[in-house]
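Each of the two complexes below includes subunit A, the first together with subunit B, the second together with subunit C.
Presenting the complex of A and B:
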């Protein structure tokens, strides 16, 4: 077993807003090994992107309350000086954002923008060295005619090519961890397939760990080794990729999987739904945050209404659900009656 | 089944690169270029394609939110594109639209009651039970609480807002609804709720849908028939079962193979298309897909393949149609 490269322990993030305290992440713990691809899945407002920002050390403004620990190779990011985190950001941990249109500066040539990431961490590098490095990484991410395109502006690129530029910026310093926050959501299906393919190839050749944040379970199924499912700021399930699709151990994961359409499903088939809507983070339900939408809560008695379930092991996975092991097994065989 | 809506040779171009007021435009974006379609009553026609293929423009021209450059949109035999004034206003009652973004398609300063009731005001319709009562019925129909009549859009979640948009589109009791990416802005668990609602309403009110989306699995779920668009043209059209089991056009094959499947155990052969969609200002000669197609020959560069019937329920526009993917 390889060593954990990143360890997140009891991470909590809340924001003070004029409407009250928004609890975006609540007591989240997970880790990632070298070369592993971890998927973080959840709906909007589940805390996925805030978790990414916390790992990048970007939550420094005055209205943020941050507690817990984020350790990258024994370096503690929570509470570290900004100058220290800055050394890691873009070199050891890099990030790919969702929208390639807004994550590039329209006024600068893409060569300058890719090169900036290198120069920041290699202040002594000569101009020629930076340029060569940029061309090399552009080739690596599959931008054709890199020698010429290095002097193009972002608007001269298509969406897919822009996302390759963003990936090039992230990869130029050979990061240990790449955080990709919805990297293909803004792209068309055929382009999405190209980008996912690229990320998979790069991951295999460089052995970089990837945290892939997405709401698309199809993308998760194709890309990741292990999945962390989040709901209302908490981890509700952590499982191996195959296990989560064949036998999820949390009612929310099960509901999510049922609601997903696939090309295999029948035409005009009625979809299973999760009733209700995700809760407001200003006002998270007492006990288990999922209880108002859960179809199985009567099987755990009143516990769901009063006590927050903690992550515990069931089989090879972790679940935060009050249901007993036998009930979860029955749920997966569809033998556990729903309300 | 009778035809509820028929589109004949519809063309929509937008001028680009106009320098001065009197100068001629430098070129035209051929957003929709000779599209013919028919929607039967009670049927759902899915239109799929990538961004820039003209699917949204097609929807807007069909509802006459944009004037057509050429061609006809026939609604019960009347050409919508030529209709004006009172006649057009009457036609609008039969065809309504649901928009993609439930955040920007509802006026934040209007109450839900006003938003949903607005079509009645515009069309000067006074239902027997009164407008307020009618709006409350509509809210109930789409699964909202009629007591929320006086609330504002910001008090609702994305899924609930989309329900408000649906209620508004139903206010005039239309026969046809054009839904332009109605669920793509919503979370997965909410998407399923809205798709089910649309299907229930269709049965209840005998509606025809034109369902525009980029997501092939969503389209499969709701459609009886599917048309695939590429650069302003329909490249393949077939019954849903047929299209998904026996796709014939190489673009459809590639599109289907690119969809990420929520099944980690499934091994598929993926067709990776090279490059991006060409610019619709200067589309490639002959077949528009040839620049990305692995079957393309010289014939494809010179002659545009017409959309031809290959079986009762299947049309394809390709010189070399076939189900087996053979990319090199």
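Presenting the complex of A and C:
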């Protein structure tokens, strides 16, 4: 397949706070090819959004410790000057945020806000050129009556239409990578499907790579090629989309899948949950961070308590789990260790 | 937008009518008898009674009010025969104590007050917003602490103390300025400015503090807005994000408070004007109160109320032009 457009290697991010160091991302590595859709899945606080901010080069404040490497087409983002990274933002890498209601500035017309993204990266463009470009991209993301709506204010748009505006802002410079941070969480279910359809269509026609950050496995199933599952700042599983739904290779992924209600489950059946809560990032458990909540740790023995599992291959995927291949197969047959 | 402006202005006129009635009623119940005040030396009860009739204070209150209001629009004449005189519209009454039309006294006092207000407003807005921006951009760092510290210092100093301090440092000690004597701007702009620099800063130092706080807090709040994150994600330069997004979001409450502060100040800065001997509205008010010069006090009260009501209307209209969401709701 084509070459990697983004390579993240050993990325670690921690924040100095008055309570101590918060390890938001720990030794994370992954890559993404041109035209690929990568899903990053995890609970809140698992480091998904921090990873996105790091890729956007937004973690510049004094209390952030950043190490490792993020390479976009051989350009190293970690440690680059802000003025250099700024040229990539909104042009090569664009981002769509979670809440379209608050992502747009209430004081400016949406045409201005979309056009701004183009002007910044094309300072020589004429007013008419920018306007044409804006109308073109508004039509592309399916905003009706673009010529008229270009002069509307955000509050005159519905939530779904506003998310289309945000996507238009992201797409106006034909980015190589689009990072969508929970793009549908704040929207009605019917609108969610429309926005996902839109993103998938755009991805197919323009060959843009997409990093889709979500906690919603349903969204992942809709449009992702490969999934990266994060837990407490670390990657715990990387697998192809089909593999992850049929045979996950990490107990956490298994737990997430059990927590999704499928249509054929009995109506009054209790929804499965993962026991316990995610660890505090100030105080991550020794050994495997998931070990206190893991239902299968007895199979692996004491290792889970002392040794951090590293990502290694099992089948076609990567997992950070001490369980052996046979144990994982037993897990997927819904066997449980005897306690 | 046009409909909003018209409605807002209509409401303003209604409000002014209410204010004028309230003011008039308030002063009519005061235990001060204007008829005896304007009687002068060698006063007799007969003279006071005659005065009362001459001034119209024998009339029912409602008639007095309408005579007063008519004076504002059509002017008003006093006395009869050879002693007759008149105050042209807009007439706010006649000061028997000073022997002058109130309107004339106010127009004489206004230039100094307007000069003081505009000059100090420019300084305090620049200073206050500037320090606020510096604070917000360097939150928690030394610049922030210094700015916030300066703001608290300014806020906690009494006006008269800062005024006297400035007089001592710049006039008596360093002798940079002569002791201020107010000159009309049109007569000599240089002397005008020379006399006003210290009063400007006196008012500005006290007022800027609030604006520093408002700007700092408003900007910090706006910085965490999603739309600011999106602006950065677009690749906009830091300066543009700061001005068009962060400051823009923080400016609305500042406009509101500035409008009202300016309006109140136009009614006279009593302490500053007294400290620096400026012949403005504040001094006029102070003198009239000391002399129980009722017509002047009523006039000043109405004018000040007028400024506040007008400023309120202007702020609302400005608000609507600043925030498109307000326009829609009207």
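In the analysis below, the second predicted complex is superposed on the first by the 335 of 339 C-alpha atoms of A that agree within 3 Å, B and C clash if a C-alpha of one lies under 4 Å from a C-alpha of the other, contacts with A are read in each partner's own complex, and residues count from 1 in each chain.
Rule of thumb we're sticking to: a residue touches a chain if its C-beta (ideal position, glycine included) is under 8 Å from a C-beta of that chain, and two chains touch if they have at least 3 such contacts.
Because the structure is a prediction, the values reported are computed rather than measured.
J.: Just from the overlay, do subunit B and subunit C fit on subunit A, or is there a clash?
T.: fit
J.: Does subunit B (first) or subunit C (second) touch A:272, or do both, or does neither?
T.: first
J.: Of the two partner chains, subunit B (first) and subunit C (second), which one does A:128 touch, if any: first, second, both, or neither?
T.: Neither partner.
J.: May I ask for the angle at the C-alpha centre of subunit A between those of subunit B and subunit C, rounded to a multiple of 10 degrees?
T.: 70
J.: Looking at the overlay, does A:117 come into contact with subunit B only (first), subunit C only (second), both, or neither?
T.: Second partner only.
J.: Let me test your reading of the model: by the given contact rule, A:160 touches which partner, first (subunit B), second (subunit C), both or neither?
T.: A:160: touches subunit B, not subunit C.
J.: Between subunit B and subunit C, which makes contact with more of the residues in subunit A?
T.: Looking at subunit B versus subunit C, the one contacting more residues of subunit A is B.
J.: With the two complexes superposed on chain A, say which partner A:169 touches: subunit B (first), subunit C (second), both, or neither.
T.: Second partner only.
J.: Quick one: is A:222 in contact with subunit B, with subunit C, with both, or with neither? Answer first, second, both or neither.
T.: first
J.: Between subunit B (first) and subunit C (second), which does A:106 come into contact with in this model arrangement: first, second, both, or neither?
T.: second
J.: Regarding the shared-chain residue A:97, is it in contact with subunit B (first), subunit C (second), both, or neither?
T.: Only subunit C; A:97 stays clear of subunit B.
J.: Once both structures are overlaid on their shared chain, how near does any Cα of subunit B get to a Cα of subunit C? Whole angstrom is fine.
T.: 7
J.: Spell out the part of subunit B that touches subunit A in their complex, as residue ranges.
T.: Contact set of subunit B toward subunit A: 50-51, 157-160, 187-193, 195-196, 199, 214-218, 220-224, 240-241, 244, 254-265, 270, 272-273, 276-277.
J.: Which residues of subunit C touch subunit A once you look at their complex with the stated criterion?
T.: By the definition above, subunit C touches subunit A via 225-227, 229-238, 240, 244-245, 248-249, 322-325, 328.
J.: Touching subunit C in the complex: which residues of subunit A?
T.: By the definition above, subunit A touches subunit C via 56, 58, 82, 86-91, 94-95, 97-99, 102-108, 116-117, 120-121, 153, 155-156, 166, 169.
J.: What does subunit A use to touch subunit B in their complex?
T.: Contacts found on subunit A: 43-44, 158-161, 188-194, 196-197, 215-222, 241-242, 245-246, 255-257, 259-265, 267-274, 277-278.
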